[in-house]
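Two complexes are shown next, each including chain A; its partner changes from chain B in the first to chain C in the second.
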Partner chain A sequence: MYGDLGNKLVQHAKRTQNLAHLPPYQTELVRAVTREVRDLDKDVRSMLEPFQGSFDPNADPAVSCTLLVDHMAMRRNKRCLLAYHRTRTDKLEELVWNGTDIPDLAGQQRAPGAPNGDNGSSHLSPQEEDYMRQYSDLLAAYKGQWTDIDLTGSLEPPRDLFIDVRVLKDAGEIQTEYGAINLTKNSQFYVRQGDVERLIAQGYLQKLS
Partner chain B sequence: MSYYDIDAILTDAEKIPCTFELDVPDLGYLDNNPTAPLKSGTQLQLPLWLAEMLALQSAGDEGKSFVSIELPPPLSDEVVQALKADPRAVALRDQSAHFYNLATRMLDLFEEKELVEVLRKTFAVRAAEIALHARKGAAGSEEKASNLGVGGAGEEFLRGLDEWERKLFRKAHDGAKAGKEWMDGVKKH
Partner chain C sequence: MDIDDILREVDPSFDSVPQETRDVQALTRAWVAERSAPELLPWPADGLFERVNDKIKNQIEKVEEMTGDMDPKTNFALIVIQTELERYRYLVRSYLRARIAKIDKHTLHYLSTDALRSRLSELELAYATRHQALLHNHYLSSFLASFPAGLQNLNDSSGNINMVDTPDLDTAVFVRLLRDTVVQGRGVHKDDEMEGTDGSILILRWSDAKGLCERGDAELV
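Let's look at the complex of A and B:
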């Protein structure tokens, strides 16, 4: 029945809400739902054709009922499509605020579900990647207004200014107030927390307590 | 209830029993029979998003609506009687995952004073029970042992929560847990 595919899409969205990561974009399903809307629109057009724009619902209740059903199905599909995408963009915005980039996302998602062979794609549609990129730019511009405060920093007050960290992935050389440190895998450092917070969030470093 | 609310959209997909009040040649597919016309008097299960509009819209000069609708099975007399007897003993989730949402939407269309009263009482009684379970769950492992006696029945009850009640449970549980963590933190420093 019309609307069943849209319902599937919303069930995907429901699952997405409870997941930590973003599942693959349902390209096929989205395409099928939009196709359904187009078909319905065509039906409505051909149904109204003989009336030449002077359709009187009271004179022909059967036709007006069919039209109403088609119209409601289109509206339903629209709502399902919008809600699905909105759920995903909400998630993307959250990721951006947490400091995730698109390359990060691709890397993260390949690791757990290794053998499904989607060679490191980020599970986003091209439009979503674009959205994420532009939203990151917006956020960066917004944050740029206050140089002495990090809006995406941790809300928890630090116990100590300096912490021990272990390097999980090679991250190259970083500059700190006390000179440059070369972060090579498996090495340990005693550094200022503020200098490495972002690297911890990105998974390059691990905080040792 | 927002336009983008996933739970509201899923509630709208719940099936409502309808009876068609007129013949429609092109809608046979609603009855899984695309080649035959849909006859007046046909009984169908239609999703709420469709049934509602068809029931509210009137057709022709007599002002008759396209379909007449009835209360769906989750709100049938049987369920209501069971809720009256003991709200905690009914697994609302087995009736509908969006039980309260569905009920709210249906009561926009039906005038059922008694049903409203039963549902209000149901929620109040169950909410208290949910709060109790949430506190137990968050209290930590040392107290869990003493609850073993009611564990089985409690699990059964929690499995029967509808989507709204689940949210309530999660909130109550997280709140109690966060409160406990904060208290522990205060003691430590």
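Let's look at the complex of A and C:
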């Protein structure tokens, strides 16, 4: 059936929305849907060829119906593809905003115990990797105009200047205005929130309430 | 922030409130409005953000100057200034992020007409244009390039369905009236009209509330 494959893509996209990680890119499916569109287009053209541009829908309802269905199926497939890619790029952008980059991503997925034992290749298509790289550059450029604000900082309204944090993973030594702190596992500190925000986001520290 | 402050600000003869205070108020209001309005609001044109940025820069320098000082008194002042700085930063950051989120969601829509483009700041315009180009390129290299030429557009409007997504201007917003005025609202079955009094809070469709906000009769809350 026309559109079945497109539907699968949409289902994948829908699933992606609720997942924490990005599932593998459906290269085969995307290719198949694209092929379907091309085949449909070829059909349409071969069907219209004998009429030499003088096709009258009223004279031949059967052909015009086929044309309509083909036409709609092509457009629908296109929208499905767009939706699928957009969902994924949205995810990628979110990752970029959170400060992940591609090596990180590949590293996570290579981690032992990952459900799918793929051979370390990232789940992105090469195009997506390009996109992510370019988007990082774009974001960095935009952020660069607002250096004093730290655009990717926390979106929680700040309450206290200083917070209690517990160190979950060794993070080495960090420099603050009040001197250097050595972050060793399981120790606890009272530090300025601005200094450690990044480390909290990366999971090295845990904020204690 | 108080209604009186806002009313005083609308009145041009009033200028005993220092510029800094008015800037904070303007920033806060812009932030609240931007977060509750369903569509992108115009970028403040009067150089608000240049001033805010300068202020932030000054404060950062001050903090750096004061850090060396170990006197407990300066230390206390330092904490106050840093707290203020953090809050200032948060306002600006949250405001910018709210705008970026809207721009990302409906990029093509905001780039489509000059009137809409003028709502973006120069930086945002550059960002949006580039982002859209990146997306288009990504689509092209992923699948669009192998499509028949007639299907490669991203802004088809065939079959009465426009491919360019637009924000829903009919979503509900809360507004506070800043002066007595007649409020008109469009309903599902019939339209309605009421005498609004200063300070009352109403829930309206954004498309109805927009005019009120632009005239300064109301503000988003």
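One rule holds for everything that comes next: the second predicted complex is superposed on the first by the 149 of 209 C-alpha atoms of A that agree within 3 Å, B and C clash if a C-alpha of one lies under 4 Å from a C-alpha of the other, contacts with A are read in each partner's own complex, and residues count from 1 in each chain.
The definition used in the following text is that contacts are C-beta pairs under 8 Å (C-beta built on N, C-alpha and C of every residue); 3 or more make two chains touch, one makes a residue touch a chain.
Values in this document were obtained by computation on a predicted structure and should not be read as measured data.
In the superposition on chain A, see if there is space for chain B and chain C together, and answer fit or clash.
Aligned through their shared chain, the two binders fit side by side on chain A.
Looking at the overlay, does A:10 come into contact with chain B only (first), chain C only (second), both, or neither?
first
State whether A:82 touches chain B only (first), chain C only (second), both chains, or neither.
both
Touching A:58 in the superposition: chain B (first), chain C (second), both, neither?
first
Go through the superposed model and pick first if A:149 touches only chain B, second if only chain C, both, or neither.
Only chain C is touched by A:149; chain B is not.
Using the superposition on chain A described above, determine whether A:128 touches chain B (first), chain C (second), both, or neither.
The answer is second: A:128 touches chain C but not chain B.
Taking the superposition as given, does A:208 touch the first partner, chain B, the second, chain C, both, or neither?
In the superposition, A:208 contacts neither chain B nor chain C.
So, does A:74 touch the first partner chain B, the second partner chain C, both, or neither?
second
Which partner, chain B or chain C, is in contact with more residues of chain A?
C
Tell me, in angstrom, the smallest C-alpha to C-alpha distance between chain B and chain C in the overlaid model?
So the smallest C-alpha to C-alpha spacing between these two chains is 6 Å.
Taking the two structures together, which residues of chain A meet both chain B and chain C?
Touching chain B and chain C on chain A: residues 72, 75, 79, 82, 86.
Going by the contact rule at the top, pick out the chain B residues touching chain A in the complex.
So the residues of chain B in touch with chain A come to 3-7, 9-10, 12-13, 22-27, 29-30, 47, 49-50, 53-54, 57, 59-61, 66.
Where on chain A does chain B make contact in their complex?
For this pair, the touching residues of chain A are 1, 3, 7, 10-11, 13-14, 17, 47, 57-58, 61-66, 68-69, 72-73, 75-76, 79-80, 82-83, 86-87.
Mind listing the chain C positions that touch chain A in their complex?
Residues in contact with chain A: 53, 56-57, 60, 67, 79, 82-83, 86-87, 89-90, 92-94, 96-97, 100, 104, 123, 126-127, 130-131, 134-135, 137-139, 141-144, 146-148, 151, 154, 156, 158-159, 163.
Would you mind writing out the residues of chain A in touch with chain C in their complex?
So the residues of chain A in touch with chain C come to 30, 33-34, 37-38, 41, 72, 74-75, 78-79, 81-82, 85-86, 89, 93, 125, 127-128, 130-131, 134-135, 138, 141-142, 145-146, 148-151, 153-155, 157-158, 161, 177, 192-194.
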